[in-house]
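After this come two complexes, each holding chain A, first together with chain B and then together with chain C.
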Partner chain A sequence: MALETKLELSPKGLAIITLAGELDASNAADFQTQITQAASANCKRLVLIMQDLEYMASAGLRMLAFTKQKMGASVDIYMVGTKPTVQETIEAVGFQYSVIMLETYDAAQIEQF
Partner chain B sequence: MEMPNIQRLDLNPTHTYEEFKLRPGKPLPFGATFVPGGVNFSIYSQHATHCTLVLFERGKTEPLAEIPFPAEFTIGNVFAMVVFGLDYENTEYGFRMDGPFDPTNGHRFDASNILLDPYAKAVGGRSTWGTPPDWNDIYQHRGQLVYDDFDWGDDHALQIPIEDIVVYELHVRGFTRHPSSGVRYPGTFAALRAKIPYLKALGINCVELMPVYEFDEFENSRPHPFKEGELLMNYWGYSTLCFFAPKAGYAATAPHGMQVDEFKTLIKELHRNGIEVWLDVVFNHTAEGNERGPSISFRGIDNKTYYMLTPEGYYFNFSGTGNTLNCNNPIVRNMVLDCLRYWASEYHIDGFRFDLAAILGRDPWGAPMPNPPLLESLAFDPILAKCKLVAEAWDAGGLYQVGTFPAYGRWAEWNGKYRDDMRRFLKSDEGMVSAAAQRIQGSPDLYAWRGPTASINFLTCHDGFTLYDLVAYNGKHNEANGENNQDGANDNHSWNCGWEGPTDDPEINALRLRQMKNAFVLLLVSQGVPMILMGDEVARTQHGNNNTYCHDNELTWFNWELEQQNGELLRFATQMIAFRHAHPALRNREHFRNTDYMGSGYADITWHGTQAWNADWSNDSRVIAFMLCGKHAKNGSMSDDYIYVAINAYWDALPFALPGLPTDLVWHLFANTSVPRPGDIHTPGQEPPLDDQQHILVGGRSAIVLVGKPATTHTEHP
Partner chain C sequence: MNNDNVQVPASFDSLSSIRTYVMQAASAAGLEHKRAYRLQLAVDEIATNVVTHGGGSEQPDAYIRVSHEITDECLTIVLEDNSHPFDPTQQTLASDINAPLEERPIGGLGVYLALKNVDTFTYKYANQHNRNILVMYRQTPPPETQ
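Moving on, here comes the complex of A and B:
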């Protein structure tokens, strides 16, 4: 399955990347491009909508590490709707300490800054 | 001003081999390093004539490519090459080395072997513990590429003063592998992370991890002699394949290539909970064994450099495992230094315990050196400057350096004499009182100029009996190792309390419990650095096996049901650890002076017996008592309560006359091992006062701990 990604930038400084399909070495660069764009836009918060992401290979996990470094410590990163299989791997690695995991998109929490 | 967009010329390839773009590499650092657009591969060999880089797609059996190093890519004894355009996530690499096969002169080159880079930062091939390998694979242990992009936040090495440390030695897999652990991914770094609350509640502030460098659990694997279908394995892991790579099989995420991140997350979380991480490092030998062993890495890259060889070209065996790493060869010395610097800087490791460290002081021909350059380099290294360095100060070649290990003011030692003397005192051997007094003081007889913190005190460690087995077995029971009970130490100084192994006899079981409590008292009131073996606080048993190196089963796994079953001992151990943390008088950096240099009217330490101020040092004595003056805590820099400890290793109860306190202080009872719970121990700071301030009856084979403090106020400590 291919990866579909979509980047939305709001004037308030919110960047939302929606991921669908499978994230692996063959398409991690697409994800990286959008992270770079979000960082260039000086967004204040980055939200990854993961509910339609079925699988994440090591390249995808590595890209999460890249995301944290690229955005910097001052930018909160939210991961929304991560599927259990993906979340288990994220938690085993320990990436959940670097991001905020939400089951659903909570506008009150995400958009208040 | 707008900067011109100029592409740096030094990023461009200069050579082509098949479809690969290349350029001459940088000789340093060794290993595989990311450079813009490519990977720099660099490897040392003095005696190889040719070198070929072998690339694999991850997990594939046949190489993706074999790229010979052109002659112009060689600098000195280093082959260095940049390869552009690799898929970092899916690349595995190795080397073929060509050169003479001339064992008599120390050379064992064989270009048919694909060799693991000694500087590989991650190794594939054994990514899931216990999964049977494909023995037909032409490359068993595969170098992988690693990013250094971990988000450490504000983490750094904790730098807890060593006198304040309480070490807990554990096996990463064994700690959580048992089904009772109740955590996800049992046996992994991730699972250990889930058990941090237990460690924190216990009160230890340092974990010493048995080997976590990449090793092969299938090395020398063989059928279990009694259990059909089960293998004996290289479970402990004292047989390194690669010094720079974490054991992939300890990571739940190794199949994703994330073992580095998972281990770093564990370290970061341990630090966040105030727990240092020390690694048990094995630089004395490798997994390649003797001349009959496999050629995995060092042997095929430059045998003569990496190993100590006899004049005939055989392997010296000071490690007892077939070969000996040539640690004082300048190349190998630098590799060890590079390795430790890497772990200290990239993994934020707080300390290192060196297995069979006496070997590190031998010259390339095996002779002990008075001033070993490797040990000196480690002691004065700027990157390791805040790391604790601990030596297992002996080797299998008969070099025993407890008390004499070349320390350079930095090195501490596993104090084997503490273990032996205190075990003998504990089991009521005669003539042990004077030795026990030395050990309690931090072994000034051994470390007169180095102070008590040179002494890592322990009664048990992975090597030998667990604490429960120490009081339940007179002799070793290693039949399950398949070596006719010939392996493992015979001088265990253990006593079974009247029956060999498990028993329903309540008196024997009560005595065993009391002896274990006595052991915790001895360990945690001794000056120096206490070390506890995983599970001793819940009476973990190995059923008398004192050499469980090959057992990946219930014999070695921490059974978490013991937490409930042996809650009385766990509570006792926890409170003893808390007591040590609460009382700086127990944690001096310098030795006692046996004088009153603070003007308190009491010497820093005074010795007593059944009569106050009158210790019995005779050969028949099994009794020792001492008092620490609180005004001399931490060598007079802090104020503490007075502490009195009496250990009656005699088999009958004895009355002890108590030394008098300053008039404003009263003796309170902290611990009494002859009393069942809950009166056996109290929460530090909440000790009840003694009714009789003049005497106390100490039960046979029992210990008491008293605190001298004002009658009505709780003492706060700085």
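Moving on, here comes the complex of A and C:
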């Protein structure tokens, strides 16, 4: 299964990237391209819609670290609807303390600055 | 070893088919979904490492051969490759997992996940080949790590 990614930039300063399929070393560059685009748009928050991402290798974890380094530590990363198996990988390396994990898209929390 | 094996070029494009092979073997062995996923992740990280660090990209004939064996107790996946010697168990692991994300060193996470996610991991080098051997018990072992 391939990786599908979609980037939306909202006027409020949100960048929303939807990930679907399988994220591994062969396609992490696609995700990186969108993070770079979001960073150059000076967005204040990054929201990752994760519910259709079936698999994520460490290449995906590296992209999360890349995001913090590229956009700045103050840019919050929200991960919405992450599957339990993918979440286990995030927790295995302690990344859950550096991102905000939400079960569903909570506009009140995500879109309020 | 089981004669049902697969040999693929040591390239990132092969990762998806290696994962499919592992999930089929896990299904045949009756591993529960979560443990099948962990094994898949571990194998994927080791294969990724072969491509990244083993010289796979500079060596046109580099390949990875994947085979499996199912016994009463275990599912064993063996990854064999002809890239230069690379022992994942000797790599610096991502030990500093409590550091904030922006301060993390980027390397080492894949091998860390691979070793953490299987029940036993063994590396051997013989006859100019790396052999990474990943074992999962078919029944969840009683003392679940973590």
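The definition used in the following text is that the second predicted complex is superposed on the first by the 113 of 113 C-alpha atoms of A that agree within 3 Å, B and C clash if a C-alpha of one lies under 4 Å from a C-alpha of the other, contacts with A are read in each partner's own complex, and residues count from 1 in each chain.
The rule is short, and it goes like this: a contact is a pair of C-beta atoms (placed from the backbone, for glycine too) under 8 Å apart; a residue touches a chain by one contact, two chains touch by 3 or more.
Keep in mind the model is a prediction, meaning the values are calculated, not measured.
A.B. asks: Evaluate whether chain B and chain C can sit on chain A together after superposition, giving fit or clash.
C.D. replies: Chain B/chain C on chain A - steric clash.
A.B. asks: Is A:Glu22 contacted by the first partner chain B, the second partner chain C, both or neither?
C.D. replies: Second partner only, chain C.
A.B. asks: Report for A:Gln51: first if it touches chain B alone, second if chain C alone, otherwise both or neither.
C.D. replies: neither
A.B. asks: Is the number of chain A residues in contact higher for chain B or for chain C?
C.D. replies: C
A.B. asks: Let me test your reading of the model: by the given contact rule, A:Gln32 touches which partner, first (chain B), second (chain C), both or neither?
C.D. replies: Neither partner.
A.B. asks: Running through the overlay: 74-82, 254-262, 380-388 or 398-406 are the candidate stretches of chain B; which one clashes with chain C?
C.D. replies: So the stretch of chain B that bumps into chain C is 254-262.
A.B. asks: Shared contact residues on chain A, chain B side and chain C side combined as an intersection?
C.D. replies: On chain A, the overlap between the chain B and chain C contacts is residues 25, 57-59, 61-62, 65-66, 68-69, 73, 88-89, 92-95, 97-98.
A.B. asks: Inside the complex, what are the residues of chain A that reach chain B?
C.D. replies: Going by the criterion above, the answer is residues 25, 28, 57-59, 61-62, 65-66, 68-69, 73, 88-89, 91-95, 97-98.
A.B. asks: Which residues of chain C touch chain A once you look at their complex with the stated criterion?
C.D. replies: Interface residues on the chain C side: 12-13, 15-16, 19, 33-34, 37-38, 40-41, 44-45, 48, 51-52, 94, 97-98, 100-102, 104, 106, 109-110, 112-113, 116-117.
A.B. asks: Which chain B residues qualify as touching chain A in the complex?
C.D. replies: Where chain B meets chain A, its residues are 87, 89-90, 147, 149-151, 153, 184-185, 188, 190, 193, 251-253, 256-258, 261-262, 264-266, 268-269.
A.B. asks: Spell out the part of chain A that touches chain C in their complex, as residue ranges.
C.D. replies: For this pair, the touching residues of chain A are 1-2, 22, 24-26, 55, 57-59, 61-62, 64-66, 68-69, 73, 84-85, 88-89, 92-95, 97-99.
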